[in-house]
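Look for chain A in each of the two complexes below; its partner is chain B in the first and chain C in the second.
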Partner chain A sequence: MIRRVLAMREAALALVVLALFAVFAFTVEGFADWFNLCEQSRHWIVPGMIAVPMTLIITTAGIDLSVGSMVALCGTVLGLLYRDAQWPIALAAMAAVLVGLSCGTLNGVVSSYLGIPPLVVTLATMALFRGVAMGLSQAEPVTGFPAGFRWLSQGDLFTIQGSGGPVGLPAPLVALVFAVLLGWIVMRRSWMGRYIEFIGDNETAARFAAIDTRLVKCGLYAACGAICGLAAIFHTALFATAKADTAQGLELSVIACVVVGGTRISGGRGTVIGTLFGLLIIGMLGFGLDMAEVDWLGSQHIVIFVGALVIVTAIFNEWMARWKGDHQ
Partner chain B sequence: MAESTIELSHIAKSFGGVPALQDVSITFKAGEVHGLVGENGAGKSTLINIATGVLRPDQGAIRLSGHPITLSDARDATRRGIAVVHQEADLFPQLSIAENMLLARGLVRARTGLIQWPATYRRAAQLMDEVGESFDVRATAGGLSVARRMMAEIAAAVSWDPVVLFLDEPTSALSMNEIRRLFGQIRALSDAGVAIVYVSHRLEEVLEICGRVTVLRDGRLVATQPASELTMDQIVSAMVGRELAQMYAKREVPIRDVRLEVAGATAKDGAFKDVSFSVRAGEIMGMYGFVGAGRSEIGQALFGLRRLSEGKVLVDGKDVSARSPRDAVRSGIAYVPEDRLVQGIFRGQSVRANATVAMLRKLSTLGCIRSRREVALATAVVDEMRVRTSSIEQPIATLSGGNQQKVAFGRWQCTAPKVLILDEPTRGVDIGAKAEIHRLICDLAEKGTAILLISSELPEVMAMSDRVIAVSEGRITATLDPARDGEKAVATAAVPKGTQAEAAAPRSEPKLLKRLLHLRELGLIGFIAVLSVGMTLVAPGKFATVPNFLDILSNAALPAMVAQGAMLIICAGGIDISVGSMLGLVGAMAAMAATAGAPPWLCLLLAVSAGVCLSLINAGTSLLARIHPIIVTLAGISIYRGLMRVVTSNREIMNLPAGYRALADGRVFGIPKICYYVVAVTVLVHLLLRYTLWGRRVLALGNSESAGRQIGLSKARLTLFVFAVSGALVGLAAVLHAGYYGKVQANTGEGMELKAIAAAVIGGTNILGGRGSAPGTLLGAFLVALLYNVLILADISSYWQNLFVGALILGAVVVDVLLNRLRGAGS
Partner chain C sequence: MRKLVIALLLLPIMGVGCAPESQEGTPSPGTAPDEGTAPEAATDAEFTIGVMPKLVGIDFFNATERGAFEAGNELGVHMVFDGPVTNDVNAQVQMLDKWIFKKYDAIAVAPNDPDAIAPVLEKARSRGITVVTWDADAQVGARDFFVNQCTSASVAKTLMDVMAEGAGAESNYIIVTGSLTAYNQRIWMDEMEQYRQSAYPGMTNLSETPKASEEDQALATQVTTDCLKAYDTLEGIFAITSVALPGAAEALRKTGRADDVFLTGLATPNAMREYVLDGTVKKFVLWNPVDLGYLAVQVAVASAKGELQPGVETFKAGRLGELAVKGDQVILGDPIIFDSDNIDQYDF
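And now, the complex of A and B:
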């Protein structure tokens, strides 16, 4: 019985999400407030979107450490094209996605086709992309984006007049829902998802099963780059600023969502729904602890918490998988 | 010496519930050559692994010269005089041949404990002489042919004066001459009182060299008898447990037109040359050869897993020279691989997923798998192959080897291939499954599939094939009719003649100059010199000044120190990207202690121990959870930086006492103090890595974990060791950093991990582990600092700095990989 419940990782995670919500709702004033939660959720869009391709990459036993730098670079390019080159904002946004795609393709080609471990490649490109962003902008933030663009992250859909003012659904949630849905279909329904699991399970056997493992992996890193480009649009719109030193440490929050969601860091199994729950847990923890204003745990120390959580759940995932393997 | 040397009694061992050995009792006597025979999967390897300490028995006892012993690992067994020569010798490809031979026990050391390389090389060369081989023992082992590898292993094993020597299929890759020489050695050893256990498939050899023979079948001991009382037929029937005629049920089916035609196929990597043959529809073509003969390579090339440099492959008359497995599948070629666990199945997946992988895209519409069609196909495969499983959703790992193999076979059978290549389809499966697999092969032939049956089991090849190709040294030596020509002709044609070994003989000792050119350190010095000269010409007043030079030196110093630790960790196959944050945290703690009045030496001690502790936490966590250190240390970046802010309450620490600052600040003989520290550290790390057993073991671990296990290296101990050294260096660097700059800030140490890794990989450390150099790392750090200096002088904004670190790491790693490929192709 216990095994059955534990096997349904997603169900267990849903319970954790509910429990966490209940605890915060009762103990922290201002947590269970529709307006607050909506405003807070705007900050979860970027890590959430990127966590979807990251889930797929980690399922192949890979990793992408350069996502934060890609977001910064794409945002910077967007800002510079808009301000200095006077491009229309839509065109600049498209360029940002293209930049992301090229960065991701670089990661993919070097790691898959030259056979260099992705952690080394993306560690190097993490510095490289950040350096390009810093150099291009000379670390000067770009501001002055049009209202229509800012609406992407700051606006609401279906606004209704509530008791305490207008209440609506944050517009960028649509992008997150779309990304998760797409990721879920790929992972659970398509042959591509199966191939991804096969590669993480046993890459040699995948090659012997006539799967073009290098193309699949390369494609995943490229897609991750493109999604970082998309996320950069929302990121820039949210802060109405394009900065080169933004999104530092984003890779850790993204990986935290994936790992807390139950995807094993050593590959073979991945769950996009789990990652969504992981995002909710990390997001609520951050927001709740922030609102609670715990003395010894200032807002900047949340990272300690997230870091510890990653390690603990990564260990838990591995042990769980091994324990299950032993008991079959 | 006692009469009975090693005695195994009532040994039992099982893997995941499947018994591999049951109640086996054998005595290997001193001065006797004891033959150990049995089919694949009979338990010979398990027995050897237990007797040599690699595996522990579930039950039973081992006695050595009458005393009961428990072997904790392979090194323990070696210490007690139990030596083994493995069949497919795992080796450390980036270490020299001499070191491969002597690492486990025989590296020559001075009284100081440091390794004496010239003496070690002499010893290795002398040992090779004794077995009648002579080649450069300084060359790296990666390029050795299988035969030479075997001879080197035997030479090494003999050198330990073993009490018991296990030889696992020692002749499988040897030529006639080499076998003669080996037999001479064996006789000499057994005359000297060594107990020798000789494991082989070649029964004639067993009968020739052995005094007694033990037959194993399905994990049980069938008989132990003097060889003089045995005939080949008796051994064979004891091995298989029934008459051969019943074993293989070949059905005659009509043979039609030519389906597969291979003309002049030559492998790009030289694994085989000028291979031509054809297989007709309905025909079973056997392919027989020894280990390393190139059989599997031919099969894999037909399937597009290896490149052909010349030649053609035709299916039904159409040129299909496959460039990738997908091309091959499209043109109707399927390949069931030899190593089921590594190449065949996905252990974490269900029977269903494993069975349908080859048809997945055909089962999908718009990219989505139609689950009803998938279930139907999986059910059909399970039924047709008679896979014994409770449901198609059962995890494949819980099936027996034979049933797993049937799934791996069924995966391709259901694609209705025109040509099916089966590589050792019955290796390690039980007899019942074997018969069923043979029946399925005949079924497919009946449907008109052309079948290439690669096998090293001669009886199987003889009984199942319509024709047989013998392969030796990458060439086809004969095409025979099994019924007419007989076993002997096939076996003779497959025996290597030793021509390839000559061709692949390692080059003669390279000239001194050439050896020097191979040294990465000299290349780096050259590059640094060219860059410096160039800069001097461009900007003489700014670049070529003493203050600027000292500036570069002091900028290089601390990253170089951290890089030495990073290099060691990378050598062992790990990585630590949290060293920058760690340096910040440790530096802050030490500086706070100093401002609180602690004497400098106490601060230093505190910092070093704190560094060691944090680093050990990183290593311990990743070992305990068996997850890659990258994930632990990635989290560590945030955790340590966060803790640093908690510890310092977000304030800068300034006004350090003068005594503390004097540790690092200031000059001696005009050169900054910190440079002396770094040189000392580099010398120590160099000694450690190059001249101590611990250092060599770290490199060996990074070369090959599995080979390391065979000689009993402890991954945990070595990993903890390198992390501890790295932590100590981070601690030292943290104190010096604070002393040199006079303060600790919130961002102290940020980006240090990148500079350290850059210095290490530029200095010639293989990012995949197993190769590294302390002087190279020092030069790498200097080069990084020099490039930064050049950027500043060239008025390039410091905002671009990150770009250069990233590009340097990426560039160095890519160049390293490409160089290795080039070297690999050249040898």
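And now, the complex of A and C:
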């Protein structure tokens, strides 16, 4: 029984999360502090939300490198519409989601229908979307967002009086929970999930099984774009700033959550719950090392850690999949 | 499916795992503020102040760092001086978050944007941390005191007087600034325009929108070179950040226009020395950044310990002596005008 539990990635990941928490809680002062963790978790919402559609995309053996640029572009459009075009903030936010949807659809159409590998397409649009954002904003940040808008990321659902001051449950957690739930339903409770895994496992076979593989893949990139637009709202609210050079390197954090969460980078097997654990692991690692004032190699230790972790877990995932294949 | 059930079963265990930790976590930070609330109980060795410039690695803020450590050592407090490598307010917010988590006693920050920085400063204050802004202000409710290098009116007046003397009271000029959103730079430009209208109505600002150089010296050189080509009647240039002025001076030297265009602005003597000695720049203006960093720490520590309260008229700031306090602003004093005669007396 214990061996079977350990064989299951989600359970194993849960243990890793617990172990990591325990290690940091006992060794790093200020880590196991409810206020600090809640505040820090606000920074995990954006990568966490985007990691959900990324899980589905990677399960089809695809990838989307343009997520950070899409967040920057959507946020920039939001800011410019609000400040320069004087749109109501809610309308500007909806426009941001539409921009994200359009960007994602572009990724999807070019990669699925025109047959260009998504790695190349999204590498190109990563530069393209960032460039458009820079051009539109003249690289100038937009600030002065209303308090009600900032509440989305900076606010609390409720607060209690802690010993060091008020402690609250961050409002944006709702968006993350909703995104994960939606992703889980798609992956595990609908025909979509089976199609997605089938495509990643063997796309040719999936096509012969009368699955419209191009439509499914295109839809996933479009959905990823729309969620980037949504995430851009939270990202802008979190920093109360819309700027074109923000969210750089976001694609690495997002892909790291997915891979560490146990989704095979070569496709065929994906788990949204695993991705959530991946987010917790990456997030706690970054926060813990930061609080411990680890200062190896300048301040680049976190990027190095995450990069190394992705390679190691990607190899582990492949190895696990092959090992299981041999024994089943 | 079964995997998922087990994973879900594990979730509550995780929750249980978290709960005791967080409860254990709360009393320990709870003890620190208990000691901290009574100012006299906090011995100086335990007092930690975080000082954050707009960015690290440029002359001006390196000089403020020296002054800040000087005050920190005098007062015997533990001091951390750190900031982003570019003038990025998002990076400031993330670093300030960490300082709040570490329960610093006081934070003295030079914000890159008054609005975007405000929420994190309010969060710090709600956790009992004293917040002081220096170099540039944040929204008024977000900090306890603002350490003002000198009133914006006195900076604006000095700059305009230097320009009128150098380029003439009828001259045409442009302004090269840092970022268009930087609050102090916007205020200076407003004050310069007001003072121009009353004192030098014959002078003309050719650039209604100031030229942004984003705290990037190479960009400032580029922008200035472009302006020298674009404006035929240009007689004067203000470059009002410590990065923009040497950048603009470089452009003037390269194009050999130093004789017909008068350049002045705000920068550190070390950055400007070569341009002053070769005659590219005759005069420029700045307050003493070493004193500014020194004062920021003095004010933050005194305010955190309750020795400096709003409403007082003066504040005794260590070696700087009695300084004027206007409401919730402590004023450092008038700026210095640097030229080839006095520049060698200053090293920052």
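Keep this in mind: the second predicted complex is superposed on the first by the 319 of 328 C-alpha atoms of A that agree within 3 Å, B and C clash if a C-alpha of one lies under 4 Å from a C-alpha of the other, contacts with A are read in each partner's own complex, and residues count from 1 in each chain.
Going forward, contacts are C-beta pairs under 8 Å (C-beta built on N, C-alpha and C of every residue); 3 or more make two chains touch, one makes a residue touch a chain.
Just so you know, these numbers come straight off a predicted model, no measurement behind them.
Novice: Chain A superposed: clash or fit between chain B and chain C?
Specialist: On the superposed model, which is not a single observed complex, chain B and chain C fit side by side.
Novice: Tell me which partner A:64 touches in the superposition: chain B (first), chain C (second), both or neither.
Specialist: neither
Novice: Who does A:139 touch here: chain B (first), chain C (second), both, or neither?
Specialist: both
Novice: After the fit on chain A, how big is the angle at chain A between chain B and chain C, using C-alpha centres and going to the nearest 10 degrees?
Specialist: In the superposed model, the angle at chain A is 130 degrees.
Novice: Mind working out whether A:33 is in touch with chain B, chain C, both or neither, as first, second, both or neither?
Specialist: In the superposition, A:33 touches chain C alone.
Novice: Applying the touch criterion given at the start, work out whether A:205 contacts chain B, chain C, both or neither, answering first, second, both or neither.
Specialist: In the superposition, A:205 touches chain B alone.
Novice: With both structures fitted on chain A, tell me whether chain B or chain C touches more of chain A's residues.
Specialist: With both complexes superposed on chain A, more residues of chain A are touched by B.
Novice: Between chain B and chain C, what is the tightest CA to CA spacing in Å in the combined model?
Specialist: 9
Novice: Please identify the positions on chain A that touch both chain B and chain C, taking each partner from its own complex.
Specialist: The overlap between the chain B and chain C interfaces on chain A comprises residues 139.
Novice: Mind pulling up the chain C residues that touch chain A in the complex?
Specialist: Per the touch definition, chain C meets chain A at residues 1-4, 6-7, 10-11, 13-14, 17-18, 21-22, 24-27, 29-30, 32-33, 89-90, 93-94, 97-98, 100-103, 113, 115-116, 118-119, 123, 126-128, 179-181, 212, 214.
Novice: Using the touch definition from the top, list the residues of chain B that touch chain A in their complex.
Specialist: 305, 324-326, 328-329, 335, 337, 342-349, 353, 357-358, 360-361, 363-364, 367-369, 395, 397-398, 411, 575, 577, 621, 624-628, 630-632, 634-639, 641-643, 645-646, 751, 754, 757, 767-768, 797, 799-807, 809-810, 813-814, 817-818
Novice: Within the complex, which stretch of chain A touches chain C?
Specialist: These residues of chain A touch chain C: 5, 8-11, 14-15, 17-18, 21-22, 25, 30, 32-37, 39-40, 43, 139-141, 143-145, 150, 154, 162-166, 188, 239-241, 243, 246, 273, 290-291.
Novice: Chain B touches which residues of chain A in the complex?
Specialist: On the chain A side, the touching residues are 63, 65, 110, 114-117, 119-121, 123-132, 134-135, 137-139, 185, 189-192, 194-195, 197-198, 201-202, 204-212, 244, 249, 251-252, 255, 259, 265-266, 268-269, 296, 300-301, 303-304, 306-308, 310-311, 314-315, 318-319, 325, 328.
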